[in-house]
Amino acid sequence: MFNAFIEPKKLKRGPQVITLKDAAVISAFTGLQSGDSVVDAGAGSGWLAVYLGSIVAPSGKVVSYENREEFASLAEKNVVRVGLDKVVEIKRADVFQGIGETEVDLVTLDLADSEKALASAFQALKPGGHCVGYLPCFEQVKKFVLESKNFGFEHVRSIEVGVREILVRDYGCRPATKGLTHTAFLSFLRKPRMP
Amino acid sequence: MFNAFIEPKKLKRGPQVITLKDAAVISAFTGLQSGDSVVDAGAGSGWLAVYLGSIVAPSGKVVSYENREEFASLAEKNVVRVGLDKVVEIKRADVFQGIGETEVDLVTLDLADSEKALASAFQALKPGGHCVGYLPCFEQVKKFVLESKNFGFEHVRSIEVGVREILVRDYGCRPATKGLTHTAFLSFLRKPRMP
Amino acid sequence: MFNAFIEPKKLKRGPQVITLKDAAVISAFTGLQSGDSVVDAGAGSGWLAVYLGSIVAPSGKVVSYENREEFASLAEKNVVRVGLDKVVEIKRADVFQGIGETEVDLVTLDLADSEKALASAFQALKPGGHCVGYLPCFEQVKKFVLESKNFGFEHVRSIEVGVREILVRDYGCRPATKGLTHTAFLSFLRKPRMP
Amino acid sequence: MFNAFIEPKKLKRGPQVITLKDAAVISAFTGLQSGDSVVDAGAGSGWLAVYLGSIVAPSGKVVSYENREEFASLAEKNVVRVGLDKVVEIKRADVFQGIGETEVDLVTLDLADSEKALASAFQALKPGGHCVGYLPCFEQVKKFVLESKNFGFEHVRSIEVGVREILVRDYGCRPATKGLTHTAFLSFLRKPRMP
């Protein structure tokens, strides 16, 4: 069903691979699993929402906020294309105006000003739930983490994930000469179990 | 249920974190999902089997081979401890003697001589299924990938995954000074859909 | 004479190695050579001053500013110990109060507020000369580079340099498991040849 | 004189930058300085010979072996172009047939089979002198280091050096998205002071 993630040809496209390594770590480091409930913003092409949907399926749910109509429409098509329309919902709304969902296991934020959605994220999460920022620049990491403490979040860790390709040949093995050297930092926050 | 993977304290233990990043990428790059069938060898402490079990649960299955009694026993305890005993089976058998399972989605090999299990892995996999080697040394990567072609595998890619911690403080942000710099290379093979 | 830099035992001490890789790149990326004139601040233990002295010797000059007496005294001892007292001078003065030297080829700044020495550095440098900041935190990089433009500097590049140890053994080769993952960012500025 | 190494435009050309970081570390980790004596093979375009010449100038010497006439001729032109013809000599000879120089401080080897020049390198070096292999593939590192012991060398360390560019902008700082991820491993050997 989710061959979109595993076809070698697709893996070779830079940004896609990058997103895949980061999506992998977001999912693993928050312990995401089948049946979980996720809020994602913004949807963009819907790629992360679809990836997370593939983990929480079949009984879980991903609601992905997107208030730019062209992206919402594209994301919806991608969701249908991979057969996840019962798991992933693209919601035409501004996440900065609030999150309607509650008792959520994971909120993922990939916005220019992700820190502005932290108050809403905190309310939406269940105790022990995670909020992850996908943050290309250092300044975003700093704002996201420092402001999160005002809302009651614990900062679990901030990291960057690198994947380097190894060329394996009969005549000699070595890391690839060129490659992706940065996508984004990932900041992991957690709503305390006991507030 | 799988809080073992997400507790900050546990994440801080070096090898565990490492395993988590690699497990994350093994799962994501092979498109593993709820309902899938996995064979793993050797079980060791059962950590990877448990992680993969958390992804394929509730309807999927992980069979993890381990022929050293003390490890099999430890792995079984860990499986029970996290409540995955209906998903993960520790099998007291030598994977080099053959794999009984068939139509498997993923075979993961973390052995000193993982290449010796490639013939069995190929037979166990369904067309399009993945075999991933967790290989600390480059000689292992070379043997694993080059020998895999003799059995009909396609080499999708070999990579190494790095995670670097970023310190986020009011008075200054920077990457951590020391950290893990290598765990293992990951080699992804695939059984062709049409042989 | 400069065996301090090359003794294997010394190379094994973390921070020393780190400094060596960064010193190597500072020197190489600015084209430093025998006969050149350098200003360094602050001296600290005198390590970087001694390293740069070993490159500009025998006819060049390094003046290293240090206004904390205990460090100035330590740095002087180190300079004498390696026999560079005719090349490296430890100057007991506050670099923020101005730099007396002129027509300098290279200014290296390793201070908590290195950007505050940029005006003085610009004046001290000859046209085409380089100023390099050794900056542990990203906020320092940003201030250093953005403020440098106010004084007329060109930003050549900012980088981070990593060195990873490879274990070479008959029974298997691989990168070391743990190691240094960050020392500082290096920002390279240049005083334009034609203002 | 050596502006070739420091012009920003030249630094931006991938392989050149790469060579610069590695040349920087070769020079620094072996303590190379003005007055030293170096043997280099093969010359190729003469780039490394010229770089090392810029460090050992004015009184030192670099002899660079090259038995392919077209490269020897190119390397000679580059040496003259940067004004180092009194320091760097391009020698039309096969380094595998032996090295005529003696009491050398440093031998650098960048050949497909660098390990075949180890016996000659050992003879040419003075006690305490260094031999550095520039080795793109893992297999070369292994052969180079393991065979070096047969000739009496100590293995000081094998490393890889990475440089990552940091983008510094008013609106956000972050590492560059793409870049060089590998050039070669560097293996540092040393002829013991007391055999």
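Here the chain labels run A, B, C and D in written order, and each chain numbers its own residues starting at 1.
Simple rule for what comes next: contacts are C-beta pairs under 8 Å (C-beta built on N, C-alpha and C of every residue); 3 or more make two chains touch, one makes a residue touch a chain.
All values derive from a computational prediction rather than experimental measurement.
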Pair joined by more contacting C-beta pairs (C-D or B-C): C-D
Chain whose mean Cα position lies farthest from chain C: B
Intercentroid distance (Cα basis), chain C paired with chain A, Å: 40
Centre-to-centre distance between chain D and chain C (centres being mean Cα positions), rounded to whole Å: 22
Intercentroid distance (Cα basis), chain C paired with chain B, Å: 44
Residue list for chain D, restricted to those that touch at least two other chains: 138-139, 142, 160, 164-165, 173, 175
Chain A to chain D touching residues, read off their complex: 14, 136-140, 160, 164-165, 172-183
Complex contacts: residues of chain B adjacent to chain A: 1-3, 5-6, 8, 11, 20-21, 23-25, 27-31, 33-35, 51, 54-55, 57-58, 130, 138, 141-142, 145-146, 154-168, 170, 173, 175, 185, 187, 190
